[in-house]
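Dropping the structures in below, format is structure tokens.
What follows is chain A paired twice: with chain B in the first complex and chain C in the second.
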Partner chain A sequence: MSSKIRRCAPATLSLFANTSARTPRACIVSQWLRSRGLTTVESTPSQTVPLRKHLKDEAKRKKAEAKGSNINIKAKTNPHSDEWELTVGVEIHAELNTACKLFSAAPATAADINGLPNTRVALFDAAMPGTQPQFQRATLLPALRAAIALGCDVQRKSGWDRKHYSHWDQPNGYQITQYYEPFAKNGNIVLRAEDGVQKTDLSGAQSISIGIKQIQMEQDTAKTTHHAPSSYHVDLNRAGHPLIEIITLPQIHSPQTAAAVVRKIQTLLKSVDACATGMELGGLRADVNVSVRQRGSSGNYSYGGVSGLGQRTEIKNLSSFAAIENAIMAERDRQIGVLEAGGVIEGETRGWTLGASETTRLRGKEGEVDYRYMPDADLPPLVIGCDLVDHLRTTLPELPDATILRVQQDYGLSAKDAKTIAALDDGERLEFMEETVELVLDKADDDQVDKTKVGKLVGNWVLHELGGLLATSNIAWADVTVSETELADIIANLQLKQITSRTAKHLLATLHELPPNEGRPSVEQLIDNGNLRLRPLSEEGYSALAGAIIAENPEMAKAVKEKGHKGKVMWFVGQMVRRGDEGTVEPEKAREVVERLLGS
Partner chain B sequence: MHHLVRCTGLRAAGSLNASRRSAEFSTASIARSQKESILDIEKLLSRPTWSVSSLLPPKDSASDAPEVTSKQLHHLLRLSALPPPKDQQEEAKMLSTLSSQLHFVKEIQKVDTAGIEPLRSLRDETMQGEKEAELGMEAMKDALAQEEVRGKHHKRIRRRRDHTAAKQEEDWDVLGTAQRKVGRYFVVEGGKDK
Partner chain C sequence: MDEFGMGSHSTNSAYGEVFNGLKDGPTGGKALSVGGSSGGSALAVASGLAHVGIGTDTGGSIRLPAAYMSLVGFKPSYGQISRKGVVPYANSLDTVGIVAKTVPDIWLTYGASAHPIIEILQKPDDNDPTCLTFSSRERIKVAMLRRKAAVLGSKWLLVPSNRRPEKNEVLIPRETRRKLQNRFLSQRKWTRRIGVPLEYNIEEMHPLVRWAWTATLSHLEGLGCEIVPISLPSTRHALSSYYILAPAEASSNLAKYDGVRYGARRDEVADDADGTLYSRFRAAHLGPEVKRRILLGTYSLSAGAMDNYFIQAQKIRRMVQRDFDSVFRMPNPLQEDAELNMDGVDFIVVPTAPSPPPRLRHVKTATPLESYVNDVFTVPASLAGLPAISVPGPRHPDHPWQPEVAVGMQVIGQYGDDYDVLHLADNYLTDFHDPNTLSRTQQTKVMS
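Coming up: the complex of A and B.
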């Protein structure tokens, strides 16, 4: 019935200029209008459809269409992979975590997102005549840490160059960057399957290493917002903010790996405090260079020492991981399409918008910008002392891979849990967990306690129990009132079988709701006051309770006894726990008794 | 410039090797040259021995610099964000000026600069100068003091977020020179004129 409505002739659809893909609806009203000759619709099916049903069907149809096109883009299996090889190089621009800008003492914007526009602007940032750049040396620390974390060789001497182009987001008419002599070269980043690398890229190895050609420091541009029809509002707060540009070698061969590389670099930079804002907040952007070649053949182009590549195109300003993957897939397919049809790829700059199915051309070879790079005469060369580099290397914080490994080994957490907890709340969650484990181990008199067992238990509680409470009460980690000591007390009591698991969760929830420092009772007090201490039921007590419940539910008992529905045993256990006094019935013991009584 | 140094005044110093840097000019060589001949300074300085016009194309004959086409001129003007010429006359004038400038540049390019690093600016390039400019532990002392180590088990280095940020940069009227503004924003017209 409704399918007839969808398959309307295209001619009728075009009459609805502003209703996109909506189809005309046959209903009582429209039929009436038609009978009076008052519509422009040619022919509609005779059936009438209630409005609500029609709207629902339309929504479903649109969703199915959208899904269909998405599947094409997100095709996990690359249909061309046998014949064509994709090569990708990534250029990441990351905002450094600094107090002030790169060449002026104006405060950096990263600190406050809600600041007024055009307030954090020095005279140099606004290109006032006569002003000169002044290198702010504190910006070197995060940049150096990023270089060291990525395994680069830090150059003792590097230079500052001007990259000229006219744009309203560049008041000086040029960007100060490090074109000829970047401050760091020849690094690498190692990725494993858990980081999201495409399996085919690993080709049997445990990990792959993507080379980093160089890292350079440069200025960020001002922020512009478009106001229709053609005016732009410019905010110079961001102009001159320090960026590092990280250029990888073209050694990436799939879109998933490219996104994984960017994700891993972002995590790495956050862990050494080099960059505090990620892609989600606009603090990290990526440009990708994409080329294809027939498998086994060798192209005429090379970059950074990697040769035999095809002609590449550059896709600029990708601002999310999904965008990176989708844009590379779309560009790969476009290039393969052009080459298979006998065409030639031009070295262009292309753009990608969210939800698009193909990249759009921004600049061709004719429109190629001549940046007229030249050394900036106002700035002396940057000379970095090796004592500083050595100091930063030895005091570098633990890198994410090492943290995850350590948490797995020392605390027995699974790889997934370790990765999750290390990434939460800027490392505070993990710190909380580690402190709690230490406190629990202290309380345990027995030195033979297995640290990994305690670790696993505490990890679960911090991640899932506390995490769950956080989620339901919708507060941030910083506002959590439960202290490590309190959690350690709860878990210690649990381990010593002083309380049941259910009681423990209940205690946690209670403590979570209490405001901080206002005469917070200790865990021991709570247990005593609530009479929650496990008073283990005697054997007869268990049997009596179990027996009573079994007698009240003969059908259930029959199901277990005769039909062998083992699952229902737990139902009995639940009933026992509920029936018994708080803190008296232990589920494991209860289960044993029920199973025994029901003869299974 | 090597060529110029050789041409100007130092030739009068006689035995002085032109490629030696002026910093190494010693009193000994002055004494030597004074013995050779009594210089008539007035006479020497009365007639210039060299003029920059030697680097410009001679007025009568055409220069041997390459032709600049009108298309190239317009491209260069656009790159430099300069206005295009109003009429044919102005364009012809621009082209001829550009042509003599190119001739000048070609003359300069005839200088042999093999093995000489381009000068970027006049700086202290001595060992001492480089040492003073080096950013090592001492120079970065204050910046390092702005960081702290957080955590006992999972140690992380974090920059201290001081909200008493530097105020001196914010005490001028940023929008004061704006031709157009809306609220606290500069406004730029992005539409094409034609």
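Coming up: the complex of A and C.
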């Protein structure tokens, strides 16, 4: 389609090319989702709204932090922060975006909600006696992309181990994972204030870095559905799907930052196409390790090479950002409460359910499952060549931070707008914008046009005008019918002062409502048919129109003249635009005339 | 066979035991053990029901039945034959083996070196990740040729060719051809050095077995082989190591037989409050030996015992491998920088079992530990993944060959040296018996 597509993995690029002719903007991801019974109409709002909401909340929170007066927010901050220090480590399980399972050629079904149960199962996934694992090399690619994006050292040699536990969602009785020798180690992830890091964690710096201890590949389990009163149905479609487990170092000191780390990792994984679905669709789950210690003191425990920490507890299976934040807060307060009452924290596994105010004990140390880790004798060690890692490193899609920076620099968007446009609709909005900018620049007569100016204009139109239409008409981005060419035509006409911005908005709304068929009129046709082209009024014309309106509204005129209410000038301008024939009055010029007539 | 291959006498089975002879009636008490765990396959071959039998050899399951029933049992190097479809007992030890009446039958089943096209069982298989790939097999050939070149002191090795000369091809002059032929024949008779590990001469060895061992060695010496005493110091720990490692892997492999997916249908409710666990049914339908080994393995893998048992056993396994590597002349093709050991031996010849086949009634009263001792000579080769073949031993002049006094002799070679092991067994250890008249099973006269 265009060389502008940077945010998609190479594999999907060719698919773009095939489908581009069908609709103005074929969205392969949405089609893929729909083919798997996932309507983007439903899922997109649930993906986008929280982000916008998150940005708003972030801004609100920051404001409140600056003021320090908001009561709600105050309850969220740590009341004991002067005395107790919280330490958190996160383990994230992410479903890899692969075509097949980790050890069998059965098709992977990450997001297949409507697929028939137990239809995508190889003999090995069902643990038939006499079957052996066949490592699927292709599953390594998304895992490696994730490891590179997270700055890890990819290990030349890693191994496979069996983690034993007995449950029906694990047909073999063990999960194949990389316990003794993970394939990637020693990464790190950088978070800035915009990512939602708590201000106190930054301690004045621009960003903080959280270490990634290791990333390991492993198998997912089968899905269990409960059928009341006492039946459980097991669906093996998910059994054996490749996962990566990302383990951070215990270097996080606030619940907000922990959620920000997970959110950032999710964004990174999606941007390098390592992972297709996020937390909202169950593609990502997190466990957190929480410990507290008195400030200035040193605990007796050490995790992942970080020593001097307090006894930790683990909270398992958190499936939303809010759950992560709230569970850590609840656990922190519980631990502080126990310690202040003179108690001792037990190393145990705890659970947390949405809406709960406290974590609940799942099992203590004595009830700990002994996983009896053992190297899998069927699988040879995994050897990853440097050439593969280097190749993936050079062909890695642009990372979100780099995209945001580039959009700011090349197109002059504000930091906030750049972040929003890059994050919306899996980056498709950004692609749309970039395409439009190119087209507008092509249409411009001279080469002197400033790219950042056009970029900023197009960015506004894509984000706010088109975004506004989407919101009011309740249509998902994937179903937008306006093409890049059409928007570029509108903006080019606007720039060349062929139409007024009011007309431009009107045109966009008209095109937005037209169905995407063959008989779609071009922008030029619409302008000509509607007689919308700007026919500038003469100086006298402006004066006459302004004079008439001033004469009809003496009170208003008086307010401007005598009391100096400058704001009212724009009211007159608005009246002029409305009164004049469509596409004849330019607001800037009208303003000049009104101001001259009213002598202000 | 024994349930899940766990046993040395083919007696641990829900379907009843396999035995050689009659268990009931006046001569009932004389029935012999057929060895295990692949005793059924071996008995089928021994009694003429089948030409060849296959089975898995994890710690001697092919060689022991072969020794007990005067058959030839061959366990190739680990990874030579695909394990696709084999229900695993201990994956790192499981090897598909062949049992037959004569070595040529094994050649035919396994595939012959002189005819590389004939690869019946011995060939790469993508379905088994532990099966040797084509390139690994090439490395084995290189290691074999390195030894041969070093022994012959020549870079020129002559190998027989099946290729017929082309029509217009200029034939080599008769004189040169004769020279080459002589040289080829002389190369075939290169010295074979036989190692005799002193550690294998254990106290528990039956006198008949010891006699057969010495007789075999003098027979080989008479055929021009050089007999060299060697030492394999970690042998005495090998059996303990095996009985830690194999059950550990078994406990993992058998985790899938959890009473939910396999076994008979049941309608009782599960046993805990939430109705989510099934510990009550975990052991249903499993025999006592299988339960014993699962528990053993589960224990040795548990966090508290791992370091003392599993890790130690793995270390011993490494030592056993290193012991073998240090005595063999051929470099281990799996080691990157293995050197030729010019003082080394080509084969190790030891008995297969410490005694002739025991009576079934003795087997039943023996403790598990006593029956584990039967594997003492077969386990080291399994731990190191080496090729080994068991052939019927020589006749004792005072004791006519009877099923009760059957003794097996075992030839062990370096990893990948399967063809030479077969070659030695085929050409040097076959003149003890006539395979067609050898009495293998207890004959009972049916009175009518």
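Quick notes on this one:
Here is the rule we use: the second predicted complex is superposed on the first by the 517 of 600 C-alpha atoms of A that agree within 3 Å, B and C clash if a C-alpha of one lies under 4 Å from a C-alpha of the other, contacts with A are read in each partner's own complex, and residues count from 1 in each chain.
One rule holds for everything that comes next: contacts are C-beta pairs under 8 Å (C-beta built on N, C-alpha and C of every residue); 3 or more make two chains touch, one makes a residue touch a chain.
Note that this is a predicted model, so its numbers are computed, not measured.
After superposition on chain A, the partners chain B and chain C are seen to clash. In the superposed model, A:Leu514 makes contact with neither chain B nor chain C. In the superposed model, A:Pro107 lies in contact with chain B only, and not with chain C.
Of the two partners chain B and chain C, it is B that touches the larger number of chain A residues.
By the document's definition of touching, neither partner reaches A:Ala193: not chain B, not chain C.
In the superposition on chain A, A:Ala356 makes contact with neither chain B nor chain C.
Of the two partner chains, chain C is the only one that A:Gln134 touches; chain B does not reach it.
When the two complexes are overlaid on their common chain A, residue A:Leu382 makes contact with chain B while staying clear of chain C. Once the two complexes are laid over each other on the shared chain, residue contacts for A:Ala559 go to neither chain B nor chain C. In the superposed model, A:Trp168 lies in contact with both chain B and chain C. Among the listed stretches 39-47, 93-101 or 165-173 of chain B, only 39-47 clashes with chain C once the two complexes are superposed.
Comparing the two complexes, residues 166, 168, 173, 230, 232, 370, 372, 377-378, 380 of chain A contact chain B in one case and chain C in the other.
Contacts from chain A toward chain B in the complex involve residues 97-100, 104-107, 111, 116-123, 126, 128, 137-138, 140-142, 159, 166, 168, 173, 224-226, 229-236, 271-273, 370, 372, 375, 377-378, 380-388, 391, 395, 397-398, 403, 426-428, 430-431, 434-435, 438. Contact residues on chain B toward chain A in their complex (touch as defined above): 79, 81, 118, 120-121, 123, 130, 133-137, 139-140, 142-144, 146-147, 150-159, 161-163, 165-166, 168-170, 172, 174-175, 177, 182-191.
Against chain A, in their complex, chain C makes its touches with residues 83-88, 90-92, 126-130, 248-249, 251-252, 254-256, 258, 260-261, 269, 275-278, 282, 298, 301-303, 306, 310.
Interface residues of chain A, counted against chain C in their complex, comprise 127, 129-130, 132-135, 162, 164, 166, 168, 171-174, 230, 232, 370, 372-374, 376-380.
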